[in-house]
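First chain written, first letter: the chains are A, B and C, and each begins at residue 1.
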Amino acid sequence: MQRSQAQTRFEISTKDQLSVTDITAQVHAAVPDDLTGIITVFVEHTTAAIAVNEAEKRLQGDLETALNELIDDTGWRHNEIDGNADSHIRAMLIGASATIPIEDGELATGTWQSVLLIECDGPRTRTVSVTATPAVNSHT
Amino acid sequence: MQRSQAQTRFEISTKDQLSVTDITAQVHAAVPDDLTGIITVFVEHTTAAIAVNEAEKRLQGDLETALNELIDDTGWRHNEIDGNADSHIRAMLIGASATIPIEDGELATGTWQSVLLIECDGPRTRTVSVTATPAVNSHT
Amino acid sequence: MQRSQAQTRFEISTKDQLSVTDITAQVHAAVPDDLTGIITVFVEHTTAAIAVNEAEKRLQGDLETALNELIDDTGWRHNEIDGNADSHIRAMLIGASATIPIEDGELATGTWQSVLLIECDGPRTRTVSVTATPAVNSHT
(Lines give C-alpha, C1' and ligand atoms only; values in the text may rest on other atoms or scores of the structure.)
Protein backbone atom coordinates (compact mmCIF):
# COMPACT_ATOMS: atom_id res chain seq x y z
CA MET A 1 0.00 0.00 0.00
CA GLN A 2 1.23 3.45 -0.98
CA ARG A 3 2.13 5.80 1.88
CA SER A 4 -0.04 8.88 2.36
CA GLN A 5 1.64 11.96 0.96
CA ALA A 6 0.69 15.49 1.88
CA GLN A 7 1.61 17.11 -1.40
CA THR A 8 2.82 15.83 -4.76
CA ARG A 9 3.59 17.43 -8.11
CA PHE A 10 3.61 16.28 -11.72
CA GLU A 11 4.35 17.87 -15.09
CA ILE A 12 2.22 17.92 -18.24
CA SER A 13 3.33 18.95 -21.72
CA THR A 14 0.58 20.56 -23.78
CA LYS A 15 0.40 20.57 -27.57
CA ASP A 16 -1.44 23.67 -28.78
CA GLN A 17 -1.99 27.33 -27.91
CA LEU A 18 -5.44 26.57 -26.50
CA SER A 19 -6.04 22.92 -25.56
CA VAL A 20 -7.74 20.64 -23.04
CA THR A 21 -5.82 17.68 -21.55
CA ASP A 22 -7.32 14.91 -19.41
CA ILE A 23 -5.13 14.62 -16.28
CA THR A 24 -7.42 12.32 -14.26
CA ALA A 25 -4.91 9.43 -14.23
CA GLN A 26 -2.06 11.62 -12.96
CA VAL A 27 -4.29 13.17 -10.30
CA HIS A 28 -5.58 9.76 -9.20
CA ALA A 29 -2.01 8.47 -8.84
CA ALA A 30 -1.34 11.31 -6.36
CA VAL A 31 -4.26 10.41 -4.06
CA PRO A 32 -3.26 8.51 -0.89
CA ASP A 33 -4.79 5.00 -0.93
CA ASP A 34 -6.64 5.40 2.34
CA LEU A 35 -7.77 9.02 2.07
CA THR A 36 -11.31 10.16 2.74
CA GLY A 37 -11.43 13.92 2.41
CA ILE A 38 -10.56 16.33 -0.39
CA ILE A 39 -7.75 17.05 -2.81
CA THR A 40 -6.86 20.42 -4.26
CA VAL A 41 -5.54 20.19 -7.82
CA PHE A 42 -3.64 23.42 -8.51
CA VAL A 43 -1.81 24.60 -11.65
CA GLU A 44 1.22 26.79 -10.84
CA HIS A 45 0.77 29.16 -13.80
CA THR A 46 -1.26 32.25 -14.76
CA THR A 47 -2.25 31.22 -18.29
CA ALA A 48 -3.60 27.71 -17.56
CA ALA A 49 -6.54 26.45 -15.52
CA ILE A 50 -8.12 23.35 -13.98
CA ALA A 51 -11.71 22.21 -14.60
CA VAL A 52 -13.80 19.14 -13.77
CA ASN A 53 -15.92 18.09 -16.75
CA GLU A 54 -16.28 15.45 -19.46
CA ALA A 55 -13.12 14.39 -21.33
CA GLU A 56 -14.85 13.98 -24.69
CA LYS A 57 -12.70 15.03 -27.67
CA ARG A 58 -15.31 17.07 -29.51
CA LEU A 59 -16.35 18.86 -26.28
CA GLN A 60 -12.70 19.67 -25.59
CA GLY A 61 -12.56 21.39 -28.99
CA ASP A 62 -15.84 23.18 -28.25
CA LEU A 63 -14.46 24.61 -24.99
CA GLU A 64 -11.42 25.88 -26.88
CA THR A 65 -13.73 27.55 -29.42
CA ALA A 66 -15.91 29.04 -26.68
CA LEU A 67 -12.96 30.54 -24.78
CA ASN A 68 -11.63 31.98 -28.05
CA GLU A 69 -14.97 33.55 -28.90
CA LEU A 70 -15.67 34.92 -25.40
CA ILE A 71 -12.34 36.78 -25.12
CA ASP A 72 -10.83 38.67 -28.07
CA ASP A 73 -7.12 38.25 -28.73
CA THR A 74 -6.37 41.92 -29.47
CA GLY A 75 -6.76 45.32 -27.84
CA TRP A 76 -5.34 44.51 -24.39
CA ARG A 77 -2.88 46.76 -22.57
CA HIS A 78 -0.94 43.84 -21.00
CA ASN A 79 0.04 42.87 -24.57
CA GLU A 80 2.64 45.69 -24.50
CA ILE A 81 4.52 43.33 -22.14
CA ASP A 82 4.14 39.79 -23.47
CA GLY A 83 1.18 39.54 -25.81
CA ASN A 84 -0.90 37.04 -23.85
CA ALA A 85 -3.52 39.06 -21.95
CA ASP A 86 -6.27 36.96 -23.57
CA SER A 87 -4.67 33.79 -22.13
CA HIS A 88 -4.63 35.24 -18.60
CA ILE A 89 -8.28 36.32 -18.80
CA ARG A 90 -9.46 32.94 -20.16
CA ALA A 91 -7.56 31.17 -17.35
CA MET A 92 -9.16 33.42 -14.71
CA LEU A 93 -12.66 32.59 -15.99
CA ILE A 94 -12.02 28.86 -15.40
CA GLY A 95 -9.80 29.16 -12.29
CA ALA A 96 -6.38 27.89 -11.18
CA SER A 97 -7.64 24.97 -9.09
CA ALA A 98 -10.33 22.39 -8.47
CA THR A 99 -11.19 20.88 -5.09
CA ILE A 100 -12.48 17.32 -5.40
CA PRO A 101 -13.95 14.98 -2.76
CA ILE A 102 -12.13 11.67 -2.14
CA GLU A 103 -13.66 8.52 -0.65
CA ASP A 104 -11.40 5.61 0.38
CA GLY A 105 -8.65 6.74 -1.96
CA GLU A 106 -10.91 7.19 -5.01
CA LEU A 107 -12.13 10.39 -6.67
CA ALA A 108 -15.75 10.76 -5.49
CA THR A 109 -16.83 12.14 -8.86
CA GLY A 110 -19.77 11.42 -11.15
CA THR A 111 -19.72 9.01 -14.10
CA TRP A 112 -18.76 11.61 -16.70
CA GLN A 113 -16.41 13.77 -14.65
CA SER A 114 -12.70 13.96 -15.43
CA VAL A 115 -10.03 16.39 -14.26
CA LEU A 116 -8.97 18.67 -17.13
CA LEU A 117 -5.97 20.94 -17.60
CA ILE A 118 -7.05 23.92 -19.72
CA GLU A 119 -3.98 25.25 -21.54
CA CYS A 120 -4.50 28.87 -22.65
CA ASP A 121 -0.97 29.81 -23.80
CA GLY A 122 0.76 26.68 -25.03
CA PRO A 123 2.43 24.59 -26.06
CA ARG A 124 4.16 24.56 -22.66
CA THR A 125 5.21 22.21 -19.86
CA ARG A 126 2.97 22.86 -16.86
CA THR A 127 3.41 21.93 -13.19
CA VAL A 128 0.34 20.71 -11.30
CA SER A 129 0.26 20.06 -7.53
CA VAL A 130 -2.13 17.79 -5.63
CA THR A 131 -2.61 18.40 -1.90
CA ALA A 132 -4.48 15.75 0.12
CA THR A 133 -6.54 16.85 3.13
CA PRO A 134 -8.39 14.43 5.44
CA ALA A 135 -12.05 14.87 6.35
CA VAL A 136 -13.25 14.98 9.97
CA ASN A 137 -13.22 11.58 11.73
CA SER A 138 -11.58 9.91 8.78
CA HIS A 139 -8.75 8.33 10.85
CA THR A 140 -6.23 8.73 8.03
CA MET B 1 -25.71 16.77 19.16
CA GLN B 2 -25.25 15.42 15.65
CA ARG B 3 -22.17 13.27 15.08
CA SER B 4 -19.48 14.65 12.82
CA GLN B 5 -19.65 13.09 9.39
CA ALA B 6 -16.82 13.11 6.91
CA GLN B 7 -18.94 13.07 3.78
CA THR B 8 -22.67 13.27 3.08
CA ARG B 9 -24.79 13.39 -0.06
CA PHE B 10 -28.22 14.76 -0.97
CA GLU B 11 -30.32 14.93 -4.12
CA ILE B 12 -32.00 17.95 -5.72
CA SER B 13 -34.62 17.90 -8.47
CA THR B 14 -34.44 20.88 -10.80
CA LYS B 15 -37.37 22.28 -12.78
CA ASP B 16 -36.09 23.92 -15.98
CA GLN B 17 -33.38 23.57 -18.62
CA LEU B 18 -31.40 26.43 -17.09
CA SER B 19 -32.26 27.26 -13.47
CA VAL B 20 -30.80 28.36 -10.14
CA THR B 21 -31.80 26.55 -6.91
CA ASP B 22 -30.94 27.70 -3.37
CA ILE B 23 -29.44 24.66 -1.59
CA THR B 24 -28.16 26.49 1.52
CA ALA B 25 -30.48 24.62 3.90
CA GLN B 26 -29.44 21.18 2.59
CA VAL B 27 -25.76 22.14 2.73
CA HIS B 28 -26.12 23.52 6.27
CA ALA B 29 -27.78 20.28 7.40
CA ALA B 30 -24.66 18.39 6.25
CA VAL B 31 -22.23 20.48 8.33
CA PRO B 32 -21.05 18.80 11.58
CA ASP B 33 -22.27 20.81 14.62
CA ASP B 34 -18.83 21.40 16.05
CA LEU B 35 -16.83 21.96 12.86
CA THR B 36 -14.45 24.85 12.38
CA GLY B 37 -12.79 24.47 9.00
CA ILE B 38 -14.11 24.21 5.46
CA ILE B 39 -16.67 22.28 3.48
CA THR B 40 -16.46 21.39 -0.19
CA VAL B 41 -19.86 21.37 -1.91
CA PHE B 42 -19.48 19.31 -5.10
CA VAL B 43 -22.01 18.46 -7.81
CA GLU B 44 -21.38 15.03 -9.38
CA HIS B 45 -22.37 16.04 -12.93
CA THR B 46 -20.84 17.77 -15.97
CA THR B 47 -23.78 20.02 -16.88
CA ALA B 48 -24.48 21.58 -13.47
CA ALA B 49 -22.42 23.86 -11.22
CA ILE B 50 -22.18 25.30 -7.70
CA ALA B 51 -21.94 29.04 -6.91
CA VAL B 52 -22.05 31.19 -3.77
CA ASN B 53 -24.14 34.31 -4.35
CA GLU B 54 -27.47 35.97 -3.50
CA ALA B 55 -30.62 33.80 -3.71
CA GLU B 56 -32.84 36.59 -5.04
CA LYS B 57 -35.44 35.41 -7.56
CA ARG B 58 -34.91 38.12 -10.17
CA LEU B 59 -31.11 37.74 -9.95
CA GLN B 60 -31.50 33.99 -10.44
CA GLY B 61 -33.35 34.72 -13.69
CA ASP B 62 -30.68 37.23 -14.69
CA LEU B 63 -27.92 34.64 -14.27
CA GLU B 64 -29.88 32.23 -16.47
CA THR B 65 -30.20 34.97 -19.12
CA ALA B 66 -26.50 35.84 -18.87
CA LEU B 67 -25.33 32.23 -19.28
CA ASN B 68 -27.67 31.85 -22.26
CA GLU B 69 -26.33 34.99 -23.91
CA LEU B 70 -22.65 34.26 -23.20
CA ILE B 71 -22.71 30.78 -24.78
CA ASP B 72 -24.64 30.06 -27.99
CA ASP B 73 -26.72 26.88 -28.13
CA THR B 74 -25.74 25.86 -31.66
CA GLY B 75 -22.64 25.14 -33.70
CA TRP B 76 -20.85 22.81 -31.27
CA ARG B 77 -19.18 19.56 -32.35
CA HIS B 78 -20.10 17.70 -29.11
CA ASN B 79 -23.74 18.14 -30.19
CA GLU B 80 -23.22 15.24 -32.65
CA ILE B 81 -23.23 13.08 -29.50
CA ASP B 82 -25.89 14.42 -27.16
CA GLY B 83 -26.80 17.98 -28.05
CA ASN B 84 -25.75 19.68 -24.81
CA ALA B 85 -22.30 21.19 -25.43
CA ASP B 86 -23.62 24.59 -24.38
CA SER B 87 -24.65 23.13 -20.99
CA HIS B 88 -21.16 21.70 -20.39
CA ILE B 89 -19.45 24.99 -21.27
CA ARG B 90 -21.78 27.07 -19.06
CA ALA B 91 -21.16 24.66 -16.16
CA MET B 92 -17.37 24.92 -16.63
CA LEU B 93 -17.51 28.73 -16.45
CA ILE B 94 -19.14 28.54 -13.00
CA GLY B 95 -17.36 25.40 -11.71
CA ALA B 96 -18.35 22.05 -10.19
CA SER B 97 -17.69 22.98 -6.55
CA ALA B 98 -17.52 25.69 -3.91
CA THR B 99 -15.31 25.62 -0.84
CA ILE B 100 -16.86 27.49 2.08
CA PRO B 101 -15.41 28.37 5.53
CA ILE B 102 -17.23 26.98 8.59
CA GLU B 103 -17.09 28.43 12.11
CA ASP B 104 -18.53 26.43 15.04
CA GLY B 105 -20.83 24.46 12.75
CA GLU B 106 -22.16 27.49 10.86
CA LEU B 107 -21.42 28.68 7.31
CA ALA B 108 -19.00 31.61 7.75
CA THR B 109 -20.57 33.50 4.86
CA GLY B 110 -21.67 37.12 4.40
CA THR B 111 -25.22 38.41 4.92
CA TRP B 112 -26.34 37.97 1.31
CA GLN B 113 -24.48 34.76 0.44
CA SER B 114 -26.35 31.53 -0.28
CA VAL B 115 -25.19 28.27 -1.85
CA LEU B 116 -26.68 27.88 -5.33
CA LEU B 117 -27.01 24.87 -7.64
CA ILE B 118 -26.79 26.11 -11.24
CA GLU B 119 -28.67 23.64 -13.44
CA CYS B 120 -27.56 23.93 -17.09
CA ASP B 121 -29.28 20.87 -18.62
CA GLY B 122 -32.46 20.16 -16.67
CA PRO B 123 -34.90 19.28 -15.49
CA ARG B 124 -32.88 16.53 -13.77
CA THR B 125 -32.21 15.01 -10.35
CA ARG B 126 -28.72 16.01 -9.24
CA THR B 127 -26.45 14.53 -6.55
CA VAL B 128 -24.47 16.96 -4.40
CA SER B 129 -21.80 15.90 -1.87
CA VAL B 130 -20.58 17.85 1.15
CA THR B 131 -17.16 16.98 2.60
CA ALA B 132 -16.21 18.46 5.98
CA THR B 133 -12.54 19.22 6.70
CA PRO B 134 -11.25 20.56 10.05
CA ALA B 135 -8.98 23.61 10.29
CA VAL B 136 -5.64 23.52 12.12
CA ASN B 137 -5.95 23.49 15.93
CA SER B 138 -9.71 23.17 15.75
CA HIS B 139 -9.87 20.08 18.05
CA THR B 140 -12.86 18.63 16.17
CA MET C 1 6.97 31.98 15.85
CA GLN C 2 3.35 32.84 15.16
CA ARG C 3 0.77 30.44 16.59
CA SER C 4 -1.30 28.43 14.12
CA GLN C 5 -4.73 29.97 13.69
CA ALA C 6 -7.68 28.14 12.24
CA GLN C 7 -9.41 31.14 10.72
CA THR C 8 -8.50 34.81 10.36
CA ARG C 9 -10.15 37.81 8.70
CA PHE C 10 -8.94 41.07 7.21
CA GLU C 11 -10.57 44.05 5.51
CA ILE C 12 -9.70 45.68 2.18
CA SER C 13 -10.94 49.03 0.89
CA THR C 14 -11.34 49.16 -2.87
CA LYS C 15 -11.14 52.32 -4.99
CA ASP C 16 -13.29 51.93 -8.09
CA GLN C 17 -16.53 50.33 -9.28
CA LEU C 18 -14.63 47.52 -11.01
CA SER C 19 -11.06 47.01 -9.80
CA VAL C 20 -8.42 44.36 -9.07
CA THR C 21 -6.42 44.51 -5.80
CA ASP C 22 -3.38 42.37 -4.97
CA ILE C 23 -4.03 40.85 -1.51
CA THR C 24 -1.14 38.35 -1.49
CA ALA C 25 0.64 40.03 1.45
CA GLN C 26 -2.49 40.03 3.64
CA VAL C 27 -3.23 36.40 2.74
CA HIS C 28 0.37 35.35 3.42
CA ALA C 29 0.26 37.03 6.86
CA ALA C 30 -2.72 34.81 7.73
CA VAL C 31 -0.92 31.53 6.93
CA PRO C 32 0.36 29.64 10.01
CA ASP C 33 4.19 29.46 9.92
CA ASP C 34 4.36 25.69 10.05
CA LEU C 35 1.41 24.78 7.82
CA THR C 36 1.62 22.26 5.01
CA GLY C 37 -1.84 21.90 3.51
CA ILE C 38 -4.27 24.34 1.94
CA ILE C 39 -5.88 27.68 2.65
CA THR C 40 -9.29 28.83 1.49
CA VAL C 41 -9.41 32.56 0.75
CA PHE C 42 -13.09 33.59 0.82
CA VAL C 43 -14.72 36.99 0.24
CA GLU C 44 -17.89 37.45 2.32
CA HIS C 45 -19.82 39.38 -0.36
CA THR C 46 -21.91 38.70 -3.47
CA THR C 47 -20.44 41.38 -5.75
CA ALA C 48 -16.73 40.65 -5.28
CA ALA C 49 -14.56 37.63 -6.12
CA ILE C 50 -11.15 36.01 -5.54
CA ALA C 51 -8.76 34.94 -8.32
CA VAL C 52 -5.19 33.67 -8.51
CA ASN C 53 -3.32 35.32 -11.38
CA GLU C 54 -0.63 37.87 -12.22
CA ALA C 55 -0.71 41.20 -10.35
CA GLU C 56 0.43 43.26 -13.33
CA LYS C 57 -1.21 46.71 -13.53
CA ARG C 58 -2.08 46.66 -17.23
CA LEU C 59 -3.49 43.11 -16.95
CA GLN C 60 -5.61 44.22 -13.99
CA GLY C 61 -7.12 46.91 -16.23
CA ASP C 62 -7.63 44.36 -19.00
CA LEU C 63 -9.60 42.06 -16.67
CA GLU C 64 -11.81 44.98 -15.68
CA THR C 65 -12.41 45.72 -19.38
CA ALA C 66 -13.13 42.07 -20.17
CA LEU C 67 -15.68 41.68 -17.33
CA ASN C 68 -17.37 44.91 -18.47
CA GLU C 69 -17.57 43.71 -22.06
CA LEU C 70 -18.72 40.17 -21.22
CA ILE C 71 -21.68 41.29 -19.08
CA ASP C 72 -23.88 44.27 -20.06
CA ASP C 73 -24.81 46.75 -17.35
CA THR C 74 -28.46 47.17 -18.35
CA GLY C 75 -31.54 45.04 -18.93
CA TRP C 76 -31.44 42.95 -15.75
CA ARG C 77 -34.50 42.26 -13.61
CA HIS C 78 -32.55 42.35 -10.30
CA ASN C 79 -31.86 46.03 -11.08
CA GLU C 80 -35.43 46.82 -9.93
CA ILE C 81 -34.01 46.13 -6.45
CA ASP C 82 -30.53 47.63 -6.25
CA GLY C 83 -29.13 48.20 -9.72
CA ASN C 84 -26.12 45.87 -9.52
CA ALA C 85 -27.12 42.63 -11.26
CA ASP C 86 -24.11 42.98 -13.57
CA SER C 87 -21.80 43.05 -10.50
CA HIS C 88 -23.30 39.83 -9.12
CA ILE C 89 -22.98 38.01 -12.46
CA ARG C 90 -19.36 39.12 -12.97
CA ALA C 91 -18.51 37.96 -9.43
CA MET C 92 -20.13 34.55 -10.06
CA LEU C 93 -18.03 34.01 -13.21
CA ILE C 94 -14.81 34.42 -11.17
CA GLY C 95 -16.03 32.83 -7.90
CA ALA C 96 -16.14 33.79 -4.21
CA SER C 97 -13.05 31.84 -3.15
CA ALA C 98 -9.68 30.38 -4.08
CA THR C 99 -8.10 27.31 -2.50
CA ILE C 100 -4.30 27.48 -2.51
CA PRO C 101 -1.69 24.87 -1.53
CA ILE C 102 0.69 25.77 1.33
CA GLU C 103 4.13 24.25 1.94
CA ASP C 104 5.98 24.94 5.23
CA GLY C 105 4.02 28.15 5.80
CA GLU C 106 4.54 29.53 2.27
CA LEU C 107 2.06 29.82 -0.62
CA ALA C 108 2.98 26.96 -2.98
CA THR C 109 2.23 29.08 -6.04
CA GLY C 110 4.06 29.68 -9.30
CA THR C 111 6.41 32.60 -9.99
CA TRP C 112 3.75 34.89 -11.46
CA GLN C 113 0.79 33.97 -9.25
CA SER C 114 -0.70 36.47 -6.80
CA VAL C 115 -3.99 36.41 -4.91
CA LEU C 116 -6.38 39.02 -6.33
CA LEU C 117 -9.56 40.56 -4.94
CA ILE C 118 -11.86 41.35 -7.87
CA GLU C 119 -14.14 44.22 -6.83
CA CYS C 120 -17.27 44.34 -9.03
CA ASP C 121 -19.38 46.92 -7.15
CA GLY C 122 -17.05 49.34 -5.38
CA PRO C 123 -15.68 51.38 -3.93
CA ARG C 124 -16.41 49.37 -0.78
CA THR C 125 -14.73 47.86 2.26
CA ARG C 126 -14.63 44.08 1.86
CA THR C 127 -14.08 41.32 4.42
CA VAL C 128 -11.89 38.37 3.39
CA SER C 129 -11.40 35.22 5.50
CA VAL C 130 -8.49 32.77 5.35
CA THR C 131 -9.04 29.25 6.72
CA ALA C 132 -5.98 27.02 7.19
CA THR C 133 -6.37 23.25 6.77
CA PRO C 134 -3.53 20.75 7.31
CA ALA C 135 -2.64 18.07 4.76
CA VAL C 136 -2.47 14.37 5.66
CA ASN C 137 0.61 13.40 7.72
CA SER C 138 1.69 17.00 8.02
CA HIS C 139 1.98 16.88 11.86
CA THR C 140 0.92 20.52 12.22
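Note that a residue touches a chain if its C-beta (ideal position, glycine included) is under 8 Å from a C-beta of that chain, and two chains touch if they have at least 3 such contacts.
The shown structure was predicted, so the numbers you read here are calculated from the model rather than taken from an experiment.
Under the stated contact rule, the graph of chain-to-chain touches is complete, every pair of chains being in contact. Annotation, subunit A versus subunit B: rotation angle of 120 degrees from the Cα superposition, expressed as a multiple of 5. Centre-to-centre separation between subunit B and subunit C, using Cα means, comes to 19 Å. Shared contact sites, meaning residues of subunit B that touch two or more other chains, fall at 37, 70, 93, 95, 99, 133-134. By the touch criterion given at the top, residues 3-7, 32, 35, 37, 40, 42-46, 70-71, 76-78, 80-81, 85, 88-89, 91-93, 95-97, 99, 127, 129, 131-134, 140 of subunit C touch subunit B in their complex.
Taken together, the subunit A residues at the contact with subunit B in this complex read 36-38, 51-54, 56, 58-59, 61-63, 65-66, 70, 93-95, 98-101, 103, 108-110, 112-113, 133-138.
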